[in-house]
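Each of the two complexes below includes chain A, the first together with chain B, the second together with chain C.
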Partner chain A sequence: MAEQTLSRSATTTGETPAAVPRLRRWVPYLLLAPSIVYLAVFFASPMLQAFGLAFTGTTGRFGLESIRAMLGDDRFWPSVLTTLLLLVVLLPVQFALALGMGLVVNARLRGSGFWLYVFLLPLGVSELGAGIAWYSIFVEQGWLNTVLQGLGIIDTPVIWLDYRDPVRVVATIVLAEAWRSTSLILIILVSGMRAIPRDYLEAAEVFHAGPWQKLRHVLLPLLRPTIRTALIVRTVLAFEVFATVVALGGTGTDVLATQANRAYTEFQDAHLASAYGLVILVVSLAAVAVILVSLPIRRERGE
Partner chain B sequence: MRRVLGYAAAALLAGWILVPIWFVVVGAFSSVARIYDYPRPPVPDWSLETMTFFVTSAGVPQALLSSVLVAVITGVLTMLLAAPAGYAVARHVFRGADAYRLTILSTRAFPVVVLSIPLAVFFLQWGVYDSVWGVAFMHTALALPFVVLMVSTVFAGVPVDLEEAAQVFGCSRFTAFRRVVVPIAAPGIAGAATFAVLLSYNEVFAASILTLQEPTLPVFVLSGLTQAPLPFRYAGALFLLAPAFLFILLIRKQILGVGGRPTLR
Partner chain C sequence: MVQHSGVLSRRDVLRLGSAAAAAGLLSACALDTTGAPGSQDSDGLVFYSTQLATTEEAESLRRQILAGFGTPVDYVTDSSSTKMFDRLRADAKAGTSSVQVVGALQGEIATLWAEGLLRDMTDVVEELATGAGGRRFTRQYLDLARMDGRYAFVPWIQASYLMAARTDALQYLPPGADVQRLTYDQLLGWTRTLQQATGSPELGLPAGPDGLLKRFLQGYAYPSFTGGVNSTFRSPDAAAMWQWLRAAWATANPQSVTYGNMAEPLLSGEVWVAWDHAVRLVDALQARPDDIVSFPAPVGPRGRGYLPVLGGLSVPRSVADPTASIELIRHLTDPARASTTLRTVAWFPPQDLAGLLGGLPPGIEAEAATLQAMITAPDALASSLAVGLGNQSGAYDKVFTDTFRQIVLGDGDIPSTLATQGAALQGVLDQAGARCWRPDPVGEGVCRVG
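Take a look at the complex of A and B:
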């Protein structure tokens, strides 16, 4: 279509049709160039440099010194496990929540714009702000204990954020992250739902499909590419979870990102920090590969 | 009956989002003494004591200023880079368009945590470490891929016919762009810029790596968490959350473009 635009505009401005496309052929590349150069300098090159840093020790020689230091750290494996545990528990919770919100937005209720606005609010919320909000809920003299004690479920305040009880702390982080980052999945799902023609659902109604059947046999299959996109985006971000963990778990709970941060800010060891960074990169790419393989899409459309 | 269920679900989910926000508001606008009340009173006494305590704490005004500067630089820089790219992707047919789009999409698979550490090493050499510029450069790299896609969605949404019509009536391609496309695309472009600003204001991991004496607000609050009293935390949380509500209200229409699958051409 744009090709037509080009030739048509060339004739209307009276230039020779042959000369104009040759000149104009460079226009898109000139428009892209700044962003390409920027990403090469500030994205690709540090990405490569991360390997260089991780595979040289403090001595500056190539080797596995930093990797060994990382593996030898007794907080390494706990941080890996906590990161994975968070991901595994969080994803189903988030998809269920996002799907619920998406269906509400799509149900043509009165004030659907308002519901969408409310559901999208956390999208712009800072990770740390969300962490503190949930800290105020779970802290010993906080909102959860107030409510539970008011209802007579507990007699004395419960210590929810006890770092000696990692399961409990992880549960609070899951809730905070589900609250904060579900809206990212929601926008992806909603834009996917908007692309589905209403006819499909109406056809299903003609054949007396119930709401569950419509969801299971019409909506979810059509949303497959959308769900895959959301899954990839959310999974990669889940490996980077940081500020909510610090806000809720303090220094007692480790994930890969807090370890990377500590390596740099506390130990001033860019090599060790990069080693942690590479672990995050490797598990992210592996997870993306698993998602791409396990959710194949036969016909790629505009993705 | 179905409708009632729908509204019940909507109200329940809205409550899940709004109640923690209300708790932050209560925390930030209660007097310092009231913050330590237990059981927690469900409404604030609308005292400014806590907020005043936070704003006048040593380091907070500088951190807030740094945050605003970083966010503004990020927004401007991102738009300068992304707007032309987004227009090219939306409107031009050229060899390599798909490769470009794929590259932009694939940046999402790379965690930003990996980026910030080598960038810190670069910035030390370039002399922009621990400055608003360094953090803004990093945030621009983060925002750029998303914003390119958002902008291309916005430009793709402007009917080609209008642009052609302007050219038929004698506008040059550039004039047609400036007088027809820009006014229609402006709200969407502003939305994309807002997204970049917000992303920068909220980002904490890279900013904490890239600063030392000149932290941004989230970094300052983060570093204070270990010993800060509750009023500092709750007022800080409000400062971190407040811009989101305003900005999401402004850009709730454009924001669906972040979701990917832009309708290109």
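Take a look at the complex of A and C:
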């Protein structure tokens, strides 16, 4: 309203007031204001409150009581280890899969659009839904054992979700997570691939580059910024992995996010839960920093 | 860009205007919670419950149990006590009332009552229990509803935990053992024989994230082996109990760490013998009444420990006019509705059962008989529910699940684990200032861990 009045008065008097260019400088900030307010109210303020909670104990005193309780919990370090293990195993598996799928989609073969839809289907399944679906596959009387028994590969059902064999349980979680979230990386990689001009690949062909050389020396270097984005997204999400772990690992396998949830819902300790949230935040930030440093974007000349 | 002598173009103004409108719309969306589940309609009631939380139970409540009640009721359910506590605390802080009736377990209500968040329900209980009310509440449950000499809630639903087995398993019972009168040692002998005979571990315990194993420890194993819970937490009897549990766990399906509800594994045949909440077992007993039997919890050296479960109804203190809320409580505790509750969701009424039984569905009939046998057994040892823990009830449960994990899953040393966890338990009791409750000797002062 104020702007309207201002513009009308400026037009009628025919003057060029100095205030108007100054106002124009504020336009970007005005446009940004709603999202900044939104982020401040719904993201920043709860985050600050969570910091406050993490640094107060159940007695309400400010201090490190909750942090100490978290570090003293015998499940803390195992949950950190499992979280990192999942990340280390999942990232390469998912990137190899996503790259392969991306190349299939990008090869512009007949029906590549169809494959894109197939590959993206898991994106439509909620994390909890995926957890339940994979539980029904791996449980003792589940799909996997039924199929294996039907094919005569095993005689008696195998207990896949045996907490005494962490490798087996983590393998089922990796499988479920890879199925569920590889498509997210795929979608980022495909958009990156589509942005690469075909001239580069054609030039490589002129020099008789084979498929591997094209991938290694043309596609991957040009995909570097995209890969970096995908890595960051996937790493941050890996620290939040939750429902598949709860469904497949039960109380026998812990990651940071399940511990945070248990602290809040089961032990009714919002302070302890916030302390775990703080750890997840710190570890995510550290991991993102590592990615940013280890994968710098080189500016090409003329860019 | 063409400028009209440097002023904002009409397009700029339009852009600004639409941005402002969009911002307004966005913030309206963000702040308008009238569409959120559980917010009150202009003339309806919000009934928030931590029980009857599964989709089928909630649907039964909405369609059958609430049928015939004049005012529209918005039934909101979430099994997390923490969420309910937070909601009622937030209401009290904000001076609003987004919930008109609360349905919760006795222990949860005790927490809310201790924080002064609930209305005194004495007038309602007295009116319902006498004369015109016609509710024949069982004395035991009325006693449980009393806090600080007043009634904190109206008894609503009750249940307990029991055992169930596939009939195929009965042939492997130890010689001379009666499934209706098992001892803990016989149970262990049975599941060992079963494991040898079938080649796989067939005992099932709900040790998953949603499972109630903690109640097995607090209300069954500890009282049966030690005659107490807190006062005997690290006693030699307790060490014997943990030895037993470790041996029993070796005959349990390792998937037990994922089980929240034992009906499904019993039906699928993953486990043949299981312990769980009656309501969580009823689906198996209903689906295959000829193949699955229920029986009382076993008896230990100190008796047959069991834990009665009582759910109650109350009204938040922040509700300005409780008339409609009380009307809903009257409806829900009506004997006819209690009968519907029993038949649809298998929760028993905390009222005289005479007249309700007979013509029950087979699985519920079997549970009723088992519960009756367990409660009236001469060696029955009822725990009262933990009262007075307040916001420490989660920390209290954590001590038991941590001890279980360290001793049974982690194969930790029993005496040293009990010593460290016993200290943690004493810390919880001290912080809550909780007195002992049965089967521990009830006395004055903070309960001491023994």
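Definition applied: the second predicted complex is superposed on the first by the 265 of 303 C-alpha atoms of A that agree within 3 Å, B and C clash if a C-alpha of one lies under 4 Å from a C-alpha of the other, contacts with A are read in each partner's own complex, and residues count from 1 in each chain.
Everything below uses one rule, namely that contacts are C-beta pairs under 8 Å (C-beta built on N, C-alpha and C of every residue); 3 or more make two chains touch, one makes a residue touch a chain.
Everything numeric here is computed off the predicted structure, so don't read it as measured data.
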- request: May I ask you to decide whether A:42 touches chain B, chain C, both, or neither, giving the answer as first, second, both or neither?
  value: both
Task: Please name the chain, chain B or chain C, that touches the greater number of residues in chain A.
output: B
Message: Once chain A of both complexes is superposed, is A:252 in touch with chain B (first), chain C (second), both, or neither?
response: second
Query: Is A:31 in contact with chain B, with chain C, with both, or with neither (first, second, both, neither)?
result: both
Task: Could you tell me if A:135 is touching chain B, chain C, both of them or neither one (first, second, both, neither)?
output: both
Message: Quick check for you: in the superposed arrangement, does A:213 touch first (chain B), second (chain C), both or neither?
response: neither
Task: Classify the contacts of A:278 with the two partner chains as first (chain B alone), second (chain C alone), both, or neither.
output: first
Message: Contacts for A:58 in the overlay, against chain B (first) and chain C (second): which applies, first, second, both or neither?
response: second
Message: For A:264 in the superposed arrangement: first (chain B), second (chain C), both or neither?
response: both
- prompt: Common interface residues of chain A with chain B and chain C?
  reply: 3, 6, 27, 30-31, 34, 38, 42, 135, 139, 141, 157, 246-247, 250-251, 264-265, 270
- prompt: Where on chain A does chain C make contact in their complex?
  reply: 3-4, 6-7, 10-11, 14, 16, 20-21, 23-24, 27, 30-31, 33-34, 37-38, 41-42, 58-59, 74-75, 135, 139-141, 156-157, 159, 161-164, 246-252, 258, 262, 264-270
Message: Quick check on the complex: what are the chain A residues that touch chain B?
response: 1-3, 5-6, 8-9, 12-13, 25, 27-32, 34-36, 38-39, 42-43, 45-47, 49-50, 52-53, 97, 100-101, 103-104, 107, 109, 113, 115-130, 132-137, 139, 141-143, 145-146, 149-150, 157, 179, 184, 187-192, 194-195, 211, 225-226, 229, 232-233, 236, 239-240, 242-243, 246-247, 250-251, 256-257, 260-261, 264-265, 270, 273-274, 276-278, 280-281, 284-285, 288, 302-303
- request: Under the touch definition given earlier, write down the residues of chain C that touch chain A in their complex.
  value: 4-8, 12-13, 15-16, 19, 22-23, 26-27, 30, 80-83, 85, 199-200, 207-209, 211, 253-255, 257-259, 268-270, 391, 393-395, 397-398, 401-402, 405-406, 409, 431
Statement: The answer for chain B against chain A in the complex is residues 2-3, 6-7, 9-10, 13-14, 16-18, 20-21, 23-24, 27, 36, 38-40, 80-82, 84-85, 87-89, 91-94, 96-97, 100, 103, 105, 107-115, 117-122, 137-138, 140-141, 144-145, 148, 160, 163-164, 167-168, 172-173, 198, 201-202, 204-205, 208-209, 218, 221-222, 225-226, 230, 233-234, 236-237, 240-241, 243-245, 247-249, 252, 255-261, 263-265
